[in-house]
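Got a structure for you, questions after.
Residue numbering begins at 1 within each chain, and the chains themselves are lettered A, B, C, D and E in the order written.
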């Protein structure tokens, strides 16, 4: 039973591995960017799995209800910020990808490297 | 004089810099530029020489500029060694300016303005090195001297000069930043200060084996003293025009090197402390090795300027040897030799320059019988050569006499043997050339028949030759001035 | 609350306030002007902050009025004030200098977006430097990184795009590593405020998570700071970014990540993890030494002048890393002083290169031959900068080398080795600086190269020479920089002033 | 107990989808799978009692990011990929990373155990003091907007930079593109026109989506919601409309200058609230000085900055989508 | 009274669940794209409706049933539209209606036709399996995107069939008519 408590962290580690592998191993730019979103998604999972408390609910305080255990709001705030940071980075990266496609005609990093090496 | 001594030091530093700016402004009118150079040289000499009387009376003028690092100030203090070097440098600058005007005009070299500007900055650096009160200020001006002489060495600008200027810069910058800087910082971290104090600042603060290491770092850190393994920059600098070689060898660069070595021995380590450290013998071994080997190499040289270069390496090691014998007589001998060598070597270089301007000849082998065509130049050359060998009527004899006396006091037979052997070797590579120049017929016809070199060059030549004689006659006041180093 | 108490917030708020305005008003030339005005005001505020903190006291400013561990707190001491001054100074100098070269490289149409991004990059860097909250550092790190990506991608050459892409991937991975580190720290301490973290990290019983957190934070920041093995994004990013942008990011951006590394390592981990200084030494010394040699060797064989300077920046960052790894007051002072000095030297040199690029249209060392005669003032600035890299006295480089060697000497035999390495790499610096100088002064301009005759425009020369002279001034009178740096080192190490 | 079972199932699904993304060669599938990845992540967050984050992840992760990826994919028209490059180094580094994390988290506090340090130090203060200090039911919004308002300000500017970046990259009128044939692209975009049924149903839905967005915007204090989610939802509605009606019509609905104005205005409002609170004698972003009674001031402050955030995020998402779609049409 | 409600909602939930299960199973078993899409879309709307009804019964008289009703209405509208859009786009972009056995291996007599249809149908099927209301917009988006892939494939198909002559000239609709005639016979 105790090990199950660590399952979130295990999944966090596996997702990080997949994300990093996708970034490093794949030469296609868009595939690497998707890898990057997975990589960042894993971190969100880490933060949010710290806020869970047994028997707790979402931290919204109704008037009537007394001594209700609430989940920890702080990691949620941090992750709200991190999600928006993630999407902004992806949007910027995709804009750069479109420009790279127009400038180089391909979005395969190895082909681009060859084209640059000829210069 | 009218203004206080501290101001004198300040003016001594500022005059050459102002001169450099004035030369830069007067760049387009050669005559104005030359007169500005001369007037600056004369003013500097007057200002520097005005300090001599107060020095002889035992005064030590001081000047504090500002605090560069906490606990380390940019400060100046004039003491006998510094006075001698500054007087020498400023005096010979006048002569060198006169000579270089003739040389530049004779050879119509290009970008002469840059030449004079760098010359003035180099002199300012030399005076700065002479008057500095602590090792940090000395290091600053030492580096300024290196950088300001680079454009002079790379004057011609063609591929060969640039490559040898690269060697010049590489070795000098490399040794100074590679060895001198860490040695300086190590001394600071041990002694807590870098000020030159009579009797040294390292007394009892450093264990035996490290003293040797620190000593070697200093000796080889000061690249300008041209000890054997790091001497290659001197012959490489021969590509420069002759007035620059004269500056390099006689007036500023090498003098700054040996001056720093002596100052470090006397004021950083302290004579007594260093004397009873067995590891100071290392320096004597290196100096003797350099003297002997450089004289042998000089024997095989055919190019006149390279021959003089290797003879300079030898003579410098005389001073280092004298300084490292650590006896009162030899310390005085070291400073005397600095002076004597300056006069002798500058005459030789002027002569070499004159021969080149007049007959475009550089190799000794085709200079037979040149004495007939250029009697005054060759006469001066002979006097210079005699001074190098140490024959009595010239100044060289005096300084060698003092160094020998010091060596005997310390009954250091190795030093004695080296001195005698090198004197013979000097004679071996100077005298045959002089005889050939005067006695033999001219076998290699010059490009066009020529007489003497232009008059300003000849005038400078003879003046420095006379100086060697004058030094022989009136060396006593200088000796007393230098003796003040030894008193605690 | 007088204006004087609001200064800590104002240094960032001024920039954030002007950014949307710059983006919205599309009048000709207005974006540059409003950006420059905002950055200069922020520089003035940063200087006054430095004035207050030079006495050694630390300013605490609670954001939103909430007390320390609950709200976000700005924590400004001598080190952050010095860094804020460096960032805003470099930004204003680069902006004033870059007016002409930016107009040439960045079109009129994207100018509002570009200068708004410039403002936000400065705001992000300054925000990172003054904040006292670990997560807030991440947010402002993202602001500065994103705007740096925008600034670099505005470069004229198409390779600017691919180098921006690589910088985005590595920068985001680095920032996410930092985030993971902060997450682990939060899990074991429950707080995000740096001061609060420092106390509570000591009381954590199982040390394993804290060590891994320290590892993640250090690696993340090493990627952002382009420490040697993780620096591959930096040379291309500096080379293909617009010239004025290179001047700014070369002088400021990598140093801020080193600042955060220093603050995290010394403020949080120093007194909590047992033998933290040994771990730090084992982490930074090899990286620093590698950076020194690899950076210098790569610079020697580099043809493109901007990439040559970028590789030399990798080497200089190696110096700073060595300084940080020495965990002694002199070592830290050396590292902090070198951060400031290198910012000045490299800023000046990149300005000179920008002037050359404006006239010669290329920054390839080979065809800059004869620049010494054609553009004497620019080349003189470049030479003085080069001497600064070597560490010749009368240049800022000498002061930082002085402190680094002094600190290394008290480290015993390892220190002596470090001294040798530091000096050998400055000799390598002699080689690559002299290579450029020789070509410029003694090289013969190729026949087909278009002859360049006139000097760089005055509006670019004056800022260059102001930066160069400022460098020489702080080499002579080090009271400000070394004063602030030693106070900062003492506060970081907890030694009383 | 139920949460453990659910989270086990969903987390494993997460990993399966991630591996699916890694292995598929077709980029289009990879993008759709990343949409599914975000959706499962949102479900996960909901199970871990993070309602706000679940909503945000669903809207931004599944909605907006998939649309952006598809937009980029349409422009780069890239179908399949070349074989993966040498897989040893990436495999080694990622497994090392994973190993370090697993080694470290073995001693990490168990999921949901109440006496973990995290629930002891700062969090309880927020939960106890929010009713008294800010009196807002949703504690997450209270912390987001007021206690850590400076973070959210930074975040608004991150989104602002994303918009600036995309505008500076794709803003310029593009040179003739040669990668996809001219007619090919136009044929594809207008053949959406004769999809009658989706257009009718879609246009019927758009108002409700925008209405729901506005509800989320102003409901943020009471239930999960707030500026970011609202902005993304409204933008999703507008994007749906311009998808159905084609780019030009979409730009008539929300013109270019208006969305840029929204972006700048939102960020500007947020900073102005801070500056006003400084002018009125409080610290930067201290809402209690905004009106006579501090709690009322907090309400007003939170309302305004949430509006600012909503404006910015809507403006940014719409501008970015238009930048991508306008880039294709020629 | 509430026991009755519980039983009713249990029945509804179970049938809804069964519908969705059948849908999923159908997607696995059906030979080609359109039949698979047919299975998934029908059960999706029906199953979701039943589940929501079951939950409404559980909710009692609070606000919850009305919210569930709103969701039901929304699903009821968007789900069929999405399926229609998907089918329309697939038909337009010429997704072939050739049949295959359950292991995905092409049946013997129409190698040529199905050779290039496999990648298209496999990927499109997977996207249809991921239908959720939250991404209604993206489903439409998917349909619009499917077209370019088909266009590229059509070009390659033209090239592949050059030797076969007459088939190359036909537009996609012809392929669809041919496929419609075949599935009846093919189902094993």
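Observations, loosely collected:
In this text, contacts are C-beta pairs under 8 Å (C-beta built on N, C-alpha and C of every residue); 3 or more make two chains touch, one makes a residue touch a chain.
Worth saying up front: this structure is predicted, and the values here are computed from it rather than measured.
The chains in contact with chain A and with chain B alike are C. Note on connectivity: the fewest chain-to-chain touch steps from chain A to chain D number 1. Taking the mean of each chain's C-alpha atoms, the chain closest to the overall C-alpha centroid is C. Chain pair with the larger contact count among D-E and C-D is C-D, by C-beta pairs in contact. Between chain B and chain C the centroid-to-centroid distance comes to 44 Å (mean Cα coordinates, whole Å).
With each centre defined as the average position of its C-alpha atoms, the distance from chain A to chain E rounds to 30 Å. Mean C-alpha positions place chain B and chain D at a centre distance of 75 Å. Our note on geometry: chain C versus chain E, Cα centroid distance of 56 Å, whole angstroms.
Along chain B, no residue makes contact with two or more other chains.
Multi-chain contact residues, meaning those touching two or more other chains, occur in chain C at positions 135, 139, 142, 146, 149-150, 153, 180, 186-187, 192.
Every pair of chains that touch is listed here: A-C, A-D, B-C, C-D, D-E.
Every residue of chain E that touches chain D in the complex is listed here, in rising order: 74, 77-78, 81-82, 84-85, 88-89, 92, 119, 123, 126-127, 130, 132, 134-138, 140-145, 147-149, 151-152. Taken together, the chain A residues at the contact with chain D in this complex read 2, 4-28, 30-31, 33-35, 37-38, 41, 44-45, 48-54, 56-62, 69-81, 83-85, 87-92, 94-99, 101-102, 105, 107-108, 110-111. Of all the residues in chain B, the ones that touch chain C in their complex are 66-70, 74, 136, 139-140, 143-144, 147, 154, 157, 162, 166, 169-170, 173-174, 177-178, 181-182, 185-186, 188-189. Those residues of chain C lying in contact with chain A across their complex are 135, 138-139, 142, 146, 149-150, 153, 158-159, 161-162, 164-165, 168-169, 172-173, 176, 179-180, 183, 186-187, 192. Taken together, the chain C residues at the contact with chain D in this complex read 1, 6, 9, 13, 16-17, 19-21, 23-24, 61-66, 69-72, 107, 109-110, 113-114, 116-117, 120, 123, 127, 131, 133, 135-136, 139-140, 142-143, 146-147, 149-150, 153-154, 180, 184, 186-192, 200, 206, 208-209, 211-213, 215.
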